[in-house]
Structures are given as structure tokens and as C-alpha cells.
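What follows is a single structure, and I will ask about it in a moment.
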Amino acid sequence: MSDRSHFTYRPARDELAYTFGGRIPVAHVRSGDVFTVHTEDCFGGRVRGPADLPAQVCPMPYLNPVSGPFFIEDAEPGDTLAVHIAAIEPARNWGVSATFPYFGALTSTPHTTTLQPPLDERVWVYDIDPSAGIVRYRATTSDHSVDLPLDPMIGTIGVAPAAMEARATIVPDQHGGNLDTPELRAGTTLYLGVNVHGALLALGDGHARQGHGEACGVAVEIATVTTLAVDVIKGDLPTTWPRLETDTALMSVGCARPLEDAYRIAHQDLTTWTADLCRLDTLDAYQLISQAGRAPIGNVCDPNYTILAAIDKTHLPRPQPAYQGVHARLRHLTQERP
Amino acid sequence: MSDRSHFTYRPARDELAYTFGGRIPVAHVRSGDVFTVHTEDCFGGRVRGPADLPAQVCPMPYLNPVSGPFFIEDAEPGDTLAVHIAAIEPARNWGVSATFPYFGALTSTPHTTTLQPPLDERVWVYDIDPSAGIVRYRATTSDHSVDLPLDPMIGTIGVAPAAMEARATIVPDQHGGNLDTPELRAGTTLYLGVNVHGALLALGDGHARQGHGEACGVAVEIATVTTLAVDVIKGDLPTTWPRLETDTALMSVGCARPLEDAYRIAHQDLTTWTADLCRLDTLDAYQLISQAGRAPIGNVCDPNYTILAAIDKTHLPRPQPAYQGVHARLRHLTQERP
Amino acid sequence: MSDRSHFTYRPARDELAYTFGGRIPVAHVRSGDVFTVHTEDCFGGRVRGPADLPAQVCPMPYLNPVSGPFFIEDAEPGDTLAVHIAAIEPARNWGVSATFPYFGALTSTPHTTTLQPPLDERVWVYDIDPSAGIVRYRATTSDHSVDLPLDPMIGTIGVAPAAMEARATIVPDQHGGNLDTPELRAGTTLYLGVNVHGALLALGDGHARQGHGEACGVAVEIATVTTLAVDVIKGDLPTTWPRLETDTALMSVGCARPLEDAYRIAHQDLTTWTADLCRLDTLDAYQLISQAGRAPIGNVCDPNYTILAAIDKTHLPRPQPAYQGVHARLRHLTQERP
Amino acid sequence: MSDRSHFTYRPARDELAYTFGGRIPVAHVRSGDVFTVHTEDCFGGRVRGPADLPAQVCPMPYLNPVSGPFFIEDAEPGDTLAVHIAAIEPARNWGVSATFPYFGALTSTPHTTTLQPPLDERVWVYDIDPSAGIVRYRATTSDHSVDLPLDPMIGTIGVAPAAMEARATIVPDQHGGNLDTPELRAGTTLYLGVNVHGALLALGDGHARQGHGEACGVAVEIATVTTLAVDVIKGDLPTTWPRLETDTALMSVGCARPLEDAYRIAHQDLTTWTADLCRLDTLDAYQLISQAGRAPIGNVCDPNYTILAAIDKTHLPRPQPAYQGVHARLRHLTQERP
């Protein structure tokens, strides 16, 4: 492969995108390319201290910028795009979180709307020490600080949606988007159905870590330097909802409201996926996942909520490599590089 | 203490209870008592093989029997009952699961009702090997079997509800009941608000293990021999929703539909509980749980769904023993016994 | 019939009931009996002016009292109880409404819980003029008053629940209860499945009127003098959810969360009921109701939400009298009386 | 005004649009213009008889075409667009409905997904007689036909969304879209917040009639000839959700899942709108709407569900014309024309 196969993209501020779909590509990528993308945090880097209240410094809709989109050569509607996350490095030694007015799980919102006033808007700044692998929480109006494990993840990653839609980056749905799940860490391969010529992959919204559900609506938000490898799996195996693969597990992602529909989608997809992949009867797969499955919650704050259904590969019969073994191939590809 | 302080209760079939509330006690228990209870499985032991279809052999409403209720001396409305689970032993060397018509997360139900026919009703029988710590899954109409880790839990445990109600044992709610969370394993202390004189504790519905959400509606159902210790924490600290404590974590349990309300309840309760316990500002506690919390899903099939909010004790400031340190006290009490 | 067939029941204060189920009957009633019941308002008459804040003067759980239960002779599990509402007279010349803390559709609640403070608690007093047929609204802190049509209804009516349960009167469900629908006015027959020997009918919580959904959680609450006639339809036609019949329409009632499940239940029940009654193919009935049906919302504030599905009798084929024509029979019976 | 002020637009098949946003305008319209638009039915006219199964003849995503978008001169972000519906004429003497696989309220769907097979796909053809004002229902596999009142409405009407989004026409949301409410009949004025320069109004998906909630997912679908008048209300009064005005009522439209959020949105918007308009205290407005409001359900089948909150103008104080009296002005304008 040529040198081109490992390039770095760093967006200028006015190149940042706020939708999936409706944008022209910033670069072309080929199957097998390994490339590095600089991503901004969900506030575009504008929230740096307690005085930078997000609702004041981030005029709507300029929230949750993504870098891209990248045109993936050979990707056509009906194909599946495999995106292996090789590395996620925090770009700064700090991250921020906040309570954003009428956003989060423990406040009324513009949809679950009430006549009550919003919670106080407040900012928390975290120190990040990558070498020690920690994120330091500090209380604002009480006396507490604690080191939490650094566990970098990409909050928002997706392709152009189907049906000629363009969706705000804040939305998670079938095209990916603001999935906000800790499972999108380095070592994971994400599968997304391709809806348009070139797929149009974009990503951003890194988190130094987050709890399940992202209760207050905002994780420990960071800019990142993220390294990816991509591949295109051609046709005939439609990927309807985002799927993840690690060395040890298969996962399906459901995005919906109410939250039980996210659970249903993820579990129906994992049931039919594993039944197909492993030649299991559907009800036998349903039974196995019912007893051996995990269901980590992604977010309970975004326009759609996210739940994953996960099963360990060791619990599945005759493990047949998913998507023609692309996860192992991309993982190997990224590990052999300097 | 007298010999009485470790007694064993084994219900006759016609002593099994199908409600929390509306029943007279089967025995009296004092604070500090350690006692052992035999519990039946959710089918009352009637489903033993593929031909025993639950909807045929378990006439409604005789599902999900519990053993008890036990009258806890000194427990008065407004108090909190602490129930430490010391041990859960499978009573037989097998367990069963099933698809039950119109019950489960991947079927329409009597509430999420449709005009579609039900899924096939089918039974799965599992071998249990306590010494090896495994549960063996066997597919019914496809070729697969696999050993899963044995992880015994109590599915249904609770007290008489408030407001003079009696609730079917299938229901999880503020009084406990069919919580169906794997966190109710040995080593855990459950806190329940006391609603009536004597609390009226009952339990049953053991599971050899279950996945998050109990997708098909039925876990690996087992009869158990379960050992408990109880204590009463007097007044002034109301326990509104069930709470759990282990050596390492605090957890709150939310039960509701839609599923996001279960998430909200659990996280609001854990936020205000830890804020009170650790003298944290409410928003500081909300922020900490948002980044460091876990939210394991209990069930997505029962009349109310269940989600937990959990935080590791190491992430909390100046750890002040919850409920006057009763968890450590009961744990010690049960471990020192023969 | 004897004089006994029209008796009047007026409960002493300590006879009021706060559950369906778990209570012994206050009187016996036979099929064909016409009888009159005095009912208190949802606050037990304790809220009479702006200073009587409900959360202060109504200690939980003594909310929403009902009169009864009445033992209906010959009513056995599996039967259907028909309750014809002949008249609902306001017992006083005033009614009250209120904002109750954390109760209602436009506030967070103990289930849809948030960290926000409650809305202000406030009382509205209405004048009722039965002869003019009006209810007078008066704003509290702004300058507006207006006459609204008087449209008396029974908010809470039901029988003892199935499965040995006792439910707080605030709950609407399959046994009836706090349905809170304006359709429960004079001239309507309510059908309820019988779960226990004697059915154990009770009622209360009259409203001078209410809007769809009872948005603030409290209607124009009144004490009433209500006249009923009852009949028992024996076996073989199970009534799973409450149903209503008027001279012109058939209706099914769904109670559930989330609200779409209430819609689903009501429409599934009306579809299968009318298909059976009129020998229509199920999908043909589904289609007809989809185009000709009405779906008035009952409540969006109680522990279960309520939606009705309604179809005009003129839109149905070969109208065969529902439940053997009991609605017309009871209506005739009550109209011929002095 | 010039002749131009009443023009007619009839789209060629390849001019039909399938999104709001992401399209260039087909014509320019000025405030005060009255114009006529031909609209296709939701199937693009491809379903004409029982053999035309929608899932076969309507390849995704070519469902629910709209005519437009129309560029409204002077409309700028922050303004409100008033669209008065002067007339809706059925374009043909027939309409169609159907059960569409996994679409509708009484079936599992791609979001409320289950492992059950879909309901049968079937088509119903209706005769329409505009002079008699009737729509004739005919059962398919049972013996029944009945005349229902003709009540033409526009199912889908909206502007380009905010946040640079493009949304499939099947979606109802803040920008309008597939609202599917019978209230969008002739005589109604619709208010929509303007998100982009020129607003970009489009419409289609006429219904000869529909029931509340559009239970089976498909109304009596028709092509229409629809006459509109538009006006732009400049700035400072943001319209966040669609609003409707008739000669007698004000209404707000909520679109969301779960259904209770649609109810909340509609009622919060109507409460704050009427409080502002009539100088009512917010809780006084909440109280009045709670007792006097109506809440007709639009759809319980689309990607967002729709509920309206409505209040009669006679119940409001000192009725001050909403949006500077534009409803009366447009109504007058369209009535005086030949």
C-alpha cells in the first residue's frame, strides 16, 4: 500500500459538520486504509471552565460537531461498512461536563416537557492523565474529588442516513450517530449499513469516560485523535442497525423511544444475527441470549435512547467469523503498523 | 441468642403465597435472626420437561409462588427492613426456562397488544452442577450446548405494599416483588421500606442465572434453599424504593413503565441517597453518578420493568456506612455461623 | 319487585374504602336492582377553599375514597357485571380542583422523576349550578372567569381485581378503578369482568367535568348522589378490559403505561369485540375502526393512563345487541321508575 | 393583486418530494397569495385495487410524496408561517387503505419489534361521493359495507426542519410533516415556525377521512386538489411546535414517542400560548385547559405519534387575536375569491 493509506485529517473550525447526510466529503478513503482523525468535543472546545455555560457559548444548532464526512470508495447502498477503532487519544489534558438546561435524564426536557424551571446550569472540569489512565472528578460546591478510570470512547460516529435524510449529529439511529455507548472504545469494530454512494462516514464527540445512560446528558467531553481502519463488505447481508464486534463479543445497538423499544431492537437484531451466523433456530438463539446476554445502556438523554445487546463469542456455537472475519483482519492491520 | 435464631422454613404446597400483602404470616423473625427458606421455582415445580407447557400446567394466577410471609418483630411503618442474602443453593440439579405465550420482550403482550399470534411455546431444561459452578444450556431444535456460569439469585423478594394494597408476586414495585435482577445474589443486602406492622417479608422465584432484561420473560428457573439474616433500621430515614448494598457498591432499584422511568427512579434515588449519605451537593452527586455509575437492567418483561443504578463505594467521599453499617454487621453475622 | 330493589347507601366517613379488593361488602345487590349511592369527592370533602392544600389536609393514602363495595348476588368469576349509570347528581353547589405536588401531566412525578422542585400547590373552587347546567371557573391570580358546561361523571368505579390483588383506588386497570373518562356519564352502561364471588362493586370520585387527559391531575371534583342499575351476564363471554355501551356507541377501555399501550389495548379489544359480535373478519373490523373510530383520552396522570376506543353502532353491520341487550334493558328499567 | 396571486401547481411524477428540507423550491409564493396544489396519495397513486400490495408496488423510500416545496417570500428563520387551508377536493372518486407489513398500532413494528410474523397485507378500496359527502367502506372477507362521512384532510404538511436537517415525509415533528390529524381540514389555519430562508412549504397525503390514531397505519388515502393561502408573521413570537386555529378553537400539536410526551408537548404549548395571549397566570391557564380542553389523537403509527391540545375560544378571556388576526384575514381572503 502507498503512504496515502495512513493519512491524518484535522478539520478547520469551519469544516466541522453538524449533520449526517447533506454534506460533501472532506476526503476519500479506501478499504484497508488506516487513518487518523482529529475530533472536537461536543461543545466545539468552547467550554473550558465554570464560567463557560454551554447554553450561552454554544449557539444552537452548533452542538456536537463531527469530523468528516469521509467518502469510502466502493461503498454502495446495501453494503456494510466496517470501521475498526484502533486508538482514541485524548487531545488535551482536560475534559468537561455540565448540566445543560432541560437536557438529561433527571430533568424535564423539551419532549418530556413540564411547567417546572430547569436545573441550574453548571460546568465540571476534569483533569486527564493518560499515562496514569485516570480522569479526576472534582465536586463544585461540596468537598470531594476522586480518580476514575480513563476509558476513552467515541460518542458520535455514523454514515449518511437512508431515505435522503440529513440528521443532526445529536441523534442516534440506524445510521449510527450519537450512540453514546462506552463500548465504542479502541479495539472495537463498528458495522453500519451503507445508505448512499460512498457511505459518508463522520465522527466526533469523544468521551474520556461516561456512566451507563449518561444520566446528566453530558459525559466527560474531550477532543480526540482517533485512528481508524475501514473495510466494505459487499451486499447481500443487510445491516439494519449498528453492530459491534470485539475480540470476545458480538453486539447489536438499538436506538428508540421509549427505552424498551431500544432494548427490543437490540435483542431482536442480535437474536436474528446470531441465529443466521451460527445456524441456530431463532427461539434457541432467543433463549440463549435471554440467559447469557448483557444489555449495557448507552444513553437515556438523546433524541433516541440507546441500549446494546451483547453475547460472548464463547457462548455461541461453531463461531463463524462475522462479516467474513473483517474484525480480525482490521485489528491485525492496525496492530502491525508503527 | 437461642437455637431459634437459625430456623428453617419449608412451605407445604398449599402454604405458597401468590401475593405480597393480604396474607397472614407463616412465622415470626427477630432482628439478628439468621434463617433458611425453601423456595419453589416460578412454575411451582410443575414444568419438568419439554411436554410440560407452562400455560397448560400452571393455571393462572398460580404463578410465581413465594415462601412466607415472615413477620419481622419490631418492624413498623416508616422503618427500613435490611435483608442480607447469605446463601442461595439450588434445590435440584436442573432448572427450566420457556417461551410463555404473549410474555417476554420480543413478543406482543396483553399490554403491548397486537393482532398477531403468539410465538411457539417451548421449554428448555438446564443441567445444574453446583460444584462445577455451571448451568448447561441445550438448544431444542438446533445443535448447540454450552456451559454458562452458575450465578444463583432470588427473582422475587418483598414486603407487604403500602396503601392497603395486595400485589401479585409477578409485579415489581416499591415494595420489592419480582425485581428479577442478578444483583440479588448471595452477599447482597436488600433494603425495603416497611409499610405494615411486621413488614411481612416473602421470597421465591430463584434463578440459576439470567441475562440482563430476562428477554424471553423466563430465566433459568430453580427451587432454592436460601439463607437470610434480617435487621430493622428504625424510622426517620425513609426507604422509598428498594436499595441494595454489597461490600463494594450501593444500588437503587427503579420499577416502572416505560423503561426510562425505571432508569429515572433508580438514578434519582441513588443521587439523593448518596448526596445525603456523603454530604454531597445534589448536582455534584448527579454529575459523579453520570460518569461513574452503572445501570444494569433487571427485567423488561414483568408488569413493571426494573433498572438499577449502582455506584462503587470507592468513588464516594468519606464513606459513611449506609443504614448505620447494617450490611457489614449482617454479613459478619452470617459468616461466623457454622 | 320489592321496595328493596331501590335502596340508598350513604357511607359514614369511616366506611369509605381506599382499595378495590381486600374489603368486605357494605350491602348486597341483586340483578335488576336500581340503587342510589352517595359518593365523596377525591379529597374526602376536606378541600373546600384555597387554604385547604390537598397534600396537607389529605394524609396519604386516604385519597380517592369509594363507596362500597356492594356484593352482587349471582356474580361469579368469569361472569360480566353490567352497571348502568342512570343519574349523577352533584351533592353540593361547588367543586374543587388543585395542583397536587408531583402529580399531573405537566410536572415531574414520583415515576417520571427529576431533580426539579414541584409546581406550586394551589386550589381552584368552582360554583356548580345544576339547573343552568354550568360549572363556573375562576382564575386565582389573573382576571378571568367563565361558565363551562356541567357534565357529571364518575371518575372511579370498579370491582375486586383478579389474582387475589387489592389495588389502591387511584389505580385504573382491568378491574376498572380510577378510569377518569368523561364517558362514564349518566346513560352509559359499564361492563366489568367479575373476578371474585359477588364482584364487589364500588364507586366514587365524581367530576362535575374534566378535560381529556385530566392534565393537571385533578378534575372539578365533587361529591355525588349516583343512581345505578346492575345485571350479571353469566359466563362464556369473558370481559378482559372495561367496556362501555351507550345508545349510540360501543367502547373499550385500555389502561397502561406508556400511553400507546392504553391505545393498543382499547383498540385491540374493540376490534375483537366487534368482530365477534358482528361476525366481521378481524382485519375488516380493524380497518373499519381505523377509519371510523374515535379515541378519547381519559387520564394521563394516574398510575395507569386511560384511552378509550369507540365506534358508532350505525357503522357496524347487523347490530346484534351486545351482552344480550342488557344496556337497553337496564336503561328501560331505570327510566320507568319514579 | 395580480392574476399570479392564484396559481395552480401540479407536479410531474418526478417532481414529487420525499423529504422536508434538502430540496430546491418548485415555485415562489408571496404573503397573501391564494394557490392551488395537486397532491398525490401516500402510495403515489400506485395502489388501485386488492392486487396492488403496497409493500410490493411502493419501493422504499418512495412513500408519502409531497408537492413542493414552495418558497415563501419574506419568510426568514424565527418567523411564523400561517397556512390557511381553504379547500380540499378529492381528485378521484375512490380512495384506498391497507394493512402494511409491520406498520400500524396493532402490530409489532421495526421499532416495537418482536419475533412474530406480520399481519396479512391487504387492500381496501373506498368509493367517494363528494356531492353526497360520503366514503363507502366495504369489508373484504366478510359481508359489510357502510357509508361514512367524507371529511377530507391533509395528512402531511410542513416546512424545512431546523438544524440543517432533512426529514422523510413520513415523520411528524416540530416542522410539521406527517401530522395525520383530522383537524387539518378546510377552514383551519396551520402555524409553523420558519427554520430556513423561504420556509419551503410542501404538502400531500390527503385523507378522505381517518379515525383517531389511524390505528391500522393507513387512512382512506386520496389524491387532492387543495387550495391554500399563506402569510408570514414576522419574528419575536417563536412558534416551536405546529399550532392550529379555526373560527372557534386554538390548538397545539405535539409529536413524540412515547405517546404521553406528545400529550405533554401539546398541553405545555397550549398552556403557555394561551397564558401569553390572554395574560393568564400559567397555572390558571393549566387549570382551565385541564377542565375545558380536548385532546384529539392524530396518529399512533408514524415515527412520532401526534396528539393535539385544543381549547374553545369562548372559554378564553378577552380573546386577543392570535398571530395578529391572521386566521380571520386569510379566511376572508379565500372566501371572497371566485
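The letters A, B, C and D name the chains in turn, as written, and every chain counts its residues from 1.
Everything that follows uses one rule, which is that a contact is a pair of C-beta atoms (placed from the backbone, for glycine too) under 8 Å apart; a residue touches a chain by one contact, two chains touch by 3 or more.
Here's who's who by UniProt: A, B, C, D = Acetamidase.
Remember, predicted model here, so these are calculated numbers, not experimental data.
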Query = Same or different: do the copies chain C (Acetamidase) and chain D (Acetamidase) touch each other through matching residue numbers, with over half of them shared?
reply = same
Task = Identify the chain pair with more contacting C-beta pairs: B-D or A-D.
result = A-D
Note = Relative to chain C (Acetamidase), the most remote chain by C-alpha centroid is chain A
Message = Suppose each chain is reduced to the average of its Cα coordinates; what separation in Å results between chain B (Acetamidase) and chain D (Acetamidase)?
response = 48
Note = Whole-angstrom distance, CA centroid of chain C (Acetamidase) to CA centroid of chain D (Acetamidase), is 33
Key: Euclidean distance of C-alpha centroids - chain A (Acetamidase) vs chain D (Acetamidase), Å   = 35
For chain D (Acetamidase), residues that touch 2 or more chains besides their own = 106, 112-115, 119, 257-258, 264, 268, 271, 283, 286
Remark   = Given the complex, residues on chain A (Acetamidase) that touch chain D (Acetamidase) span 18-19, 21-22, 60-61, 110-115, 162-168, 240, 256-258, 261, 264-265, 268, 271, 282-283, 286
Task = Would you mind writing out the residues of chain D (Acetamidase) in touch with chain C (Acetamidase) in their complex?
result = 97, 99, 104-106, 119-120, 122, 124, 135, 137, 139-144, 146, 148, 209-220, 257-260, 263-264, 267-268, 271, 278-281, 283-284, 286-297, 300, 305, 307, 314-317
Ask   = Which bits of chain A (Acetamidase) are touching chain C (Acetamidase) when the two form their complex?
value = 106-108, 112-119, 258
